[in-house]
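Chains here go by letter, A, B and C, matching the order in which they are written, and residues are numbered from 1 within each.
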Amino acid sequence: MAAESGNAPVVLDVVGLTRSFGAVRANDAVSLDLVTGEIHALIGPNGAGKSTFISQVAGDLAPDSGSIRFQGRDIGQMSAAQRARLGMARTFQISSLIPEFTVLENAMLAHLGRLGESMRFFAPVARDRKLRQLARTCLERVGLDSRHRERVSEISHGERRLLEIAIALALEPAVFLLDEPMAGLDQEGSRMLIGLLDSLRQTAPVLLVEHDMDAVFALADRISVLVDGRLIATGQPDAIRSDDTVRAAYLGVEHP
Amino acid sequence: MTPRLASTAVVLLLLAVPLAGTILNEPWLITLATRVAILGLAGVGLNLVLGYGGMVSLGHAAYFGIGGYVAGILAHHALEGHPLMAWPVALGGTDSMIVIWLVAIVCGALLALLIGSLSLRTTGVYFIMITLAFAQMIYYFTISWPAYGGEDGLPIYVRNSLFGLDTMDPMTFFMIVFVVLVIVIFLVSRVVQSNFGLALNAVRQNEARVRSVGIGGFRIRLVAFVMSGAITALAGALFVDLNRFVSPSMLSWHTSGEIMIFVILGGVARLWGPIAGAALYVFLEQVLGSMTEHWQFWVGLLLIVVVLHARGGIMGFTSGRHSHGG
Amino acid sequence: MPATLIAEQVLNGLQFGVMLFLMSAGLTLVFGVMGLINLAHGSLYMIGAFACAAVVSATGSFWLGLAASLAAAAAAGALVEVTLMRRLYQRGHLDQVLVTFALILVFSEGIRWVFGAFPLYLDIPPLLAGTVPLPGGLDYPLYRLVIIAAGLTVAAGLFQLVSRTRLGMRIRAGESDREMIAAIGVNIRALYTAVFALGAALAGFAGAVIGSITSVEVGMGEPVLILAFVVIVIGGIGSIKGALVGAILVGVTDTMGRLLLPALFATFLEPADAAATGASLASMLIYLLMALVLFLRPGGLFGKAA
């Protein structure tokens, strides 16, 4: 299953990403790549700068320096919306959905964005068969179709996590950037999501930020470890598990 | 009451008052209803950005005023026979309502494009202050520009013409305004339910999410802002035809505040809400105004109570569903 | 154009700017610390002016009037904060705009109810009447010079307050972290009331001082309020330094624009046209300045946001 980063084409190539907040270097020259077919996990203690990294790659936060190449193009100057249209699908650490919308409307909005059809002013969106069909297909894939009429404010936390993934799928992504998709899930929910995430890599490579180490070691082809804004190791799960620096800096602390 | 029923009630009331005015031979009632319809229309414009888009614009008097001045200036030139400009193309005034409306819509949209592209770069408190400040800039400009009456304003003596109708007849003019209002509300209802409407509603609630699915929030908000300016400018043109007078007071920041009050009293993000709000405001003005010259004191107190305790406005209250407060 | 005229107008601009600073300082503190937009700040300015006028006409003493303006505006500010504003900190900006707009209606009509619709006039105290000869042959009104000095003194005092004192530390802490300040046991409610009353007192003081030059009337606060907004947009929200720089920039730009633009246009237009065009453009100048700042630095000159 594990992809060899040597052979598979590189989809996302981040070099030397640096970002400071005041005196704190949240990301210090972080370099990381993502190749076709892999799940690349980014782990590290709280406050290590993982979300900062994702936000910069997705275009929600401007880096101080460094380059981001996506499918061979330099996307450093593009807005978050432009990157999303190129197929960069992110989920948020804290569920970030449209609360007053139904599940279906949330998924439709994503398709609207991908198709570039947000500037249509007259036809009612609710009666757009094509858009509905596309949206329901994505909901089906994550097992949410039966809940498509519910308002987001009324569905469970676990269902919101799934909806985030459905929205990412709607973008027909070339890469997934998943920021702690398991956060707050119970064991049952986690197990289900692990299965779903596992299947995502066939659609597009996944950059997975996650605290649940069982999930990380079950899913990841490669793991990078971020501590205090610096990348201290990148490698296959076995190598990371036995890496002394990593054990001392991170794993050793949380998993004695 | 369902929202649909509440809307129907507003429409019926809006039609009933001028009808009563005709039957009782009290033409001032017709004029009052016309005023409600026009002020409400200005609110419909603001509602698009405030209610649906969540942008707190405190400068909509600018669009109301520019629509008013378009009507005033074009009619003035038509009446005086002076050309509006001789170069680079010869342009005269006009007393055709259709032309005036179109020019008002275009001017309102252009002004909104200009102000919007600067002010929408900011959010929150900045956005409020900036929209207010730009409206004030135009207010001062009209005061200091002497060609069209400056501070004293510009009278236009006769109403402009439409299809040979007797526009000076109060009921005829009311019906013209009513038809325009219904058309605009129909168009707005389509817009808010369209693809664009979905995106606009989403931008209000969670802009980061909208960006992450590939929709630029700025563009969505700017387009809504431009539409909003165009609608409010159209209302301004009608308002000048109603009063046959345009003055800088249309542009004062009290006007901006009042337009916002119509939207809030009626209930934000409800199609007919601003009409209900304008009706209530004009009603209070008439009733309290007949009892005390300090009626604004009581309107202020009432508004405080409404904002602190009844955030859904009339439409939210009557249809028993709470709307978002924004 | 004689140099004395230019010098006089620069001083007038400075005086105008200093007064704008007194208005803006309170607004920007309330924005920065409590996150509240207060449209009724102009009403506090008006209340200060009316309190001064009432006390002066009753006692004949300008100084008692000035003290009354501070006390009345601070009291009105504290009252409004305790009864209304407190409920608004957690609400959205829209609710803040609506309630404070409604407060303007209440205050303006209330004042008209009590004092009537006619403007009142305040005399400059005899001690400060007359002019002072300045180097270069310019005779400049003493009262305006005193305003400039008083305003700059207040500015210096505010800087000291915010950067040196315990209250100032609390204000700055409140700005960055509401929960932290609550955790270390500062009474945040009392702090907010104090900040609001302080801003109100500055506005009331400005109202009384300016009321003596112009007139004291209902609605006098709103034009100044909107100018204070322009100042804050230019200077950056929450920054006292930004408010001072912005206020002086706005004051001087506005005053000099009104002097120089008509003269500038007169060099290539007919006198009547030049006067009209120049005056119209001058009335828009500070807003164009604001647009320029927004375009270059959307967060304002000294703002935190990029």
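Observations on the model:
The rule is short, and it goes like this: a contact is a pair of C-beta atoms (placed from the backbone, for glycine too) under 8 Å apart; a residue touches a chain by one contact, two chains touch by 3 or more.
None of the values given here were measured: they were computed from a predicted structure.
When chain centres are taken as C-alpha averages, the shortest distance to the whole-protein C-alpha average belongs to B.
Centroid distances built from C-alpha atoms place A farthest away from chain C.
Each chain gets a centre from the mean of its Cα atoms; for chain A and chain B, those two points are 44 Å apart.
One simple way to say how far apart two chains are is to compare their mean CA positions; for chain A and chain C this gives 49 Å. Between the Cα centres of chain B and chain C there is a gap of 31 Å. Shown for chain B are the residues that touch two or more other chains, of which there are none.
The residues of chain A lying in touch with chain B in their complex are 58-60, 79-82, 84-85, 89-90, 92, 96-101, 105, 108-110, 112-114, 116-126, 128, 131, 167, 170-171. Listing the residues of chain C that touch chain B in their complex gives 31, 35, 37, 84, 87, 91-95, 97-99, 101-106, 108-110, 112-113, 222, 226, 229-230, 232-233, 237, 276, 279-280, 282-284, 287-288, 290-291, 294-295, 298. For chain B in complex with chain A, the touching residues are 190-191, 193-199, 201-202, 205-206, 208-217, 220, 223, 324. Contact residues on chain B toward chain C in their complex (touch as defined above): 50, 56, 58, 118-119, 121-122, 124-126, 128-130, 132-134, 136-137, 140-141, 143-147, 253, 257, 260-261, 264, 294-297, 299-301, 303-304, 307-308, 311, 325-326.
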